[in-house]
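Take a look at this one; I'll ask things after.
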């Protein structure tokens, strides 16, 4: 990059997560094509450090900071430092908050609703379902809330809500499912907040031979698509449009560089359901 | 003065040990009389603890030499990633497995060398290799999950000859081999002697450095095997899949030590620890309590069940 | 033989210790000559390591009695959650802080009681309380972040009287107090004595149980303080905010031990360890390497810098 | 001035059992102020157990302990009543330095509000000086020699101005010089009215120092006597309940070929030491504390790497700095500090015995239990080890019996050269005799033996040749049959011929 190229700092606590990595890579690629100097920093789940990283980034006065998938309520200190240094912060899949110019996200409520709808379709609109979530993650939490509302509306019983351990979500969900199957003979579906626990659930169901139980996930990761193609328990996933998200953020930054502030505080982009039937 | 005086306290010590476990089993059997003692559930339970058993046995060896290995989880993740990448790149299954196991052995040698010859504390050395390996796994996979592994590789973790899962058979074998190594061979004596008093071991003509290094090699190999089974079971390799094994494997060894009031780690104690953790997890899942309450209960029950297993007596 | 014979090796030991750190600093100064040694960056660095310093100092006390405390991270999270909930419920700031600190002390008493009197191994006891506390924090917050804390509470972690962050001042105070406790008071000598040889301590009339319990109380209180600072800094309380402190605090003590080739934990060594970790993190960030590669480098550099600090000599 | 002899310590109806194994039963003692009572008994007779009870560290199964009429229950109470103990294992914290150990469990002297560390330092140096020992005060005591460590433990006890002082084998690792100084200190304390219990396995000390002798055997006190009313043989007979047999003086052995050649060996303290040991020869090494005797053995045995010089065993040069290489070549070493160098406390008696010859006791890497048990039987019989069985944790054995297990471990390697550092420290009279005849026996069968001992009379009676180390250098090569203790001691101090 030529000297004087706009510097963009990307910070995230979740780079070990495939979706995060995916969208960050896409954004980086777009940015570099536009001649920006993009740096990426990960804190492996540590929010205190994430604040530190935003502060450090801010003190270097980049053209913009991009926060990928971090809960902004825990980042007031970093966001304040960015504000003090007049560095705009754009968020990917985080949330609206003071100090964030705009948040571009897959619409988590939409993801929740669409995935719930897919599961309802798979189980024929009635029966018992279980939900696998991870509340400390705000996006996942929002999805789960929307899905729950959808199930309640359809009159489907949510027999249990499980907390998927991170790290190790696949194996964790697999064990949870095995135990769940032992106590719930009439289970018809499992809703997972993202694809990895859905994969674990699928494997447990397959091993138990209860092939009638349907599973849905969210994210549209490659392995999920592969599972769906097998026409096994993994019925559907809702793909987040990371290309669109990355592009939108890049466009907002381009505008910002041209002196145009974003018109909205949040841009929520819908997801696409990928089901066996589609 | 007869041999009885020495044997009896040893027996007493052993008989006290599984008390907490029995209480746990009784509790879950009462609360879930149809589901918990069901053979299907028990077989599930065995399958769930198989991978941990392997890592915990390997950890027992390192802890017998009074060190510990924080890198087992990262090694397991790494080995799974290596195997998966080679398989996806078209290597034959056997070659990929061999390469992953070799990686585990190399990691063990490096850890062992750092601890035994560079004299870093085991915590620092294995924390460093844990960090580096975690970075390595992420770099190799680019943070994502590798899938599409060939069917013959999946047999390792998913087949059930005669209805018994292969992973369980492998875990039993690893347990038996480790038990045999630690308590029936000259090498096992060396490990225990170095762990008990390294200086005395030196005076007795034992090569302390080599003994210590070998223990890390065992744990590296054990962790690599666990990683292979994990990725075969999950039909995919994730760069952090093995990470939870670190803390739980050490916990299993310590629970065994504490419950059996033993002066040194033993495979029997470790397996007791693994089973306690496994039963607890399975039982609480079956009870379907709130997942957060389940964590609270896990903590409390570990204390109570391990405490129950103890009689008044010395600290291990 | 004169006293000189003893002083010189001690000096040599000390002078070797920061070698790795100096090498690290030199490296980053050469690679990033304008940014790294900049006073602004160094002040940032201090602020970043402040919370860890507090927890690591508390951990040093527990490790001086030859135990360790895995629950410090969970205790920090828990204390932050307690304070935040009480604040949101309208308690005065001082009362909420007092309650959170009291929670830390109670946790310390429970841990200490389990280890010192129920004779559970420190690993099992503090792992259990870590698990239970993690569940407790999640239950209290329902897994989400508490925010909207009053401004006077935020002063604790965010104010900068005379340009120096309050957290740094608090960390310096905690470091000084812990150093004084450990190396200048009778209680400190009791801690070291129990850690060095509990039997000899008993013979010398030291109440080993109480001494051990007190160490856990210190670490509980230190962790609670760290949790308060953390949630004040983050202006919010998250149920897992403090978790990473567990491994890093133990790592800092061990790095200090290994690098200084000391026989027992010391506050000076621990702070060396904290600074090594802090400089490493800060420097690698400034270099802008791929975050996965950064993890790999972190592992490698820990080994090299700690290894560099060692001369040929005894194992700590 | 003699203080009136009121009973300072009274023990009544004391019984103690470890599990079902009763070691003390119906013990009554009365120690008046201003008297030194020797406590004798063979290894495992229960002396240390009795002492742990009196000092409050161990709760008895029955009976009571009173000091000046006050009943005692724990260590703090006992210390409050003025009972001070130097335990057999010294009770030092290895990682702490001499000053910190000196004030273990006690506050430092004060200077106004603050602890006066300089004064603590000075007191420690002075207290050690009073015992004629100097030691670096600011290194962990684990780096110090046994003499220095013993001195620290003794100095700490004496500093506390005890009403009742209990010394459990204080001279086990002291040389003649420090022993003499210690006796002076003990006599002084006696003059000041301290009641003293003195445990020893050195018969001469009983007659030199003590006012009374108490003999423990088979859980009970079997004799109380004035030294003037008895003699060493009678005491040994009481302790072992057998007739004492005097070992016949050894015939001189003809020199054979060299089994061990030490050539210009140099370590930290030891400087270019050369000598040869021939087949069947017992070489004694004498020297003051810190003269480098232990280091010499460590260098030969491969525990420490020599800075210069080499070692050959039966003509083959031995790879330096490896105990394994030394052992393979046939050189076996017993270290001087049992707890540090010898015992794996977490293991059983059987495992500790086997440790030196794992290869011989295994086949294809697999331990052969039969062979191990045979070794256990052989060694317990040969060395008269008192253990409850092969599986008993070695930590439960008395100090002397642990030492015998370690000797057994080394004998099992069938060494050509045996290096023994203070082999009879803490070993009872009968076992001492057994060890001596064992050494003689080994020599007769062709092994070369190098013995370091602070017990000069023992060295003189045992050795065919006596080397004297002064400040790490070989200062004299004497014929034990043509010299006496006084001459040896004079040479140890660097005196010329």
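To keep things simple, chains are lettered A, B, C and D as they appear, and every chain counts its residues starting from 1.
Quick note on the criterion: a contact is a pair of C-beta atoms (placed from the backbone, for glycine too) under 8 Å apart; a residue touches a chain by one contact, two chains touch by 3 or more.
Just so you know, these numbers come straight off a predicted model, no measurement behind them.
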Seminar exercise, completed: Ranked by contact pairs, first place goes to B-C
For this session: Could you put a whole-Å number on the gap between the CA centroids of subunit A and subunit D?
Result: 70
Exercise. How many angstrom between the C-alpha centroids of subunit C and subunit A?
Worked result: 33
Exercise. From the C-alpha centre of subunit C to that of subunit D, how far is it in Å?
Worked result: 43
Exercise. CA centre of subunit B versus CA centre of subunit C: separation in Å?
Worked result: 28
Problem set entry | Touching two or more other chains - residue numbers and ranges from subunit D | none
For this session: Mind pulling the residue numbers of subunit A that touch at least two other chains?
Result: 15, 163
Seminar exercise, completed: By the touch definition above, subunit C meets two or more other chains at residues 138, 143, 290, 292, 294-295
Exercise. Which chains touch which?
Worked result: A-B, A-C, B-C, B-D, C-D
Exercise. Which residues of subunit C touch subunit D in their complex?
Worked result: 1-3, 5-7, 9-10, 184-186, 189-190, 192-193, 195-197, 199-207, 263-264
Problem set entry | Partner subunit B, residues of subunit D touching it in the complex | 19-21, 301, 303, 322-324, 326-328, 332-335, 340-348, 351, 354-356, 358-359, 361-362, 365-367, 386-393, 409, 413
Exercise. In their complex, what parts of subunit D are in touch with subunit C?
Worked result: 55, 57, 75-76, 78-79, 85, 87, 89-96, 100, 103-108, 115, 134-140, 142, 290
Problem set entry | Complex interface listing, subunit B residues touching subunit A | 32, 35, 38, 40-41, 44, 47-48, 51, 138, 142-145, 147-148, 158, 230, 233-236, 238-244, 281-282, 285-286, 288, 291-292
Problem set entry | Residues of subunit B touching subunit C in the complex | 114, 118-121, 123-125, 127-136, 138-139, 143, 247, 250-251, 254-255, 257-258, 290-300, 302-303, 306-307, 310, 313-316
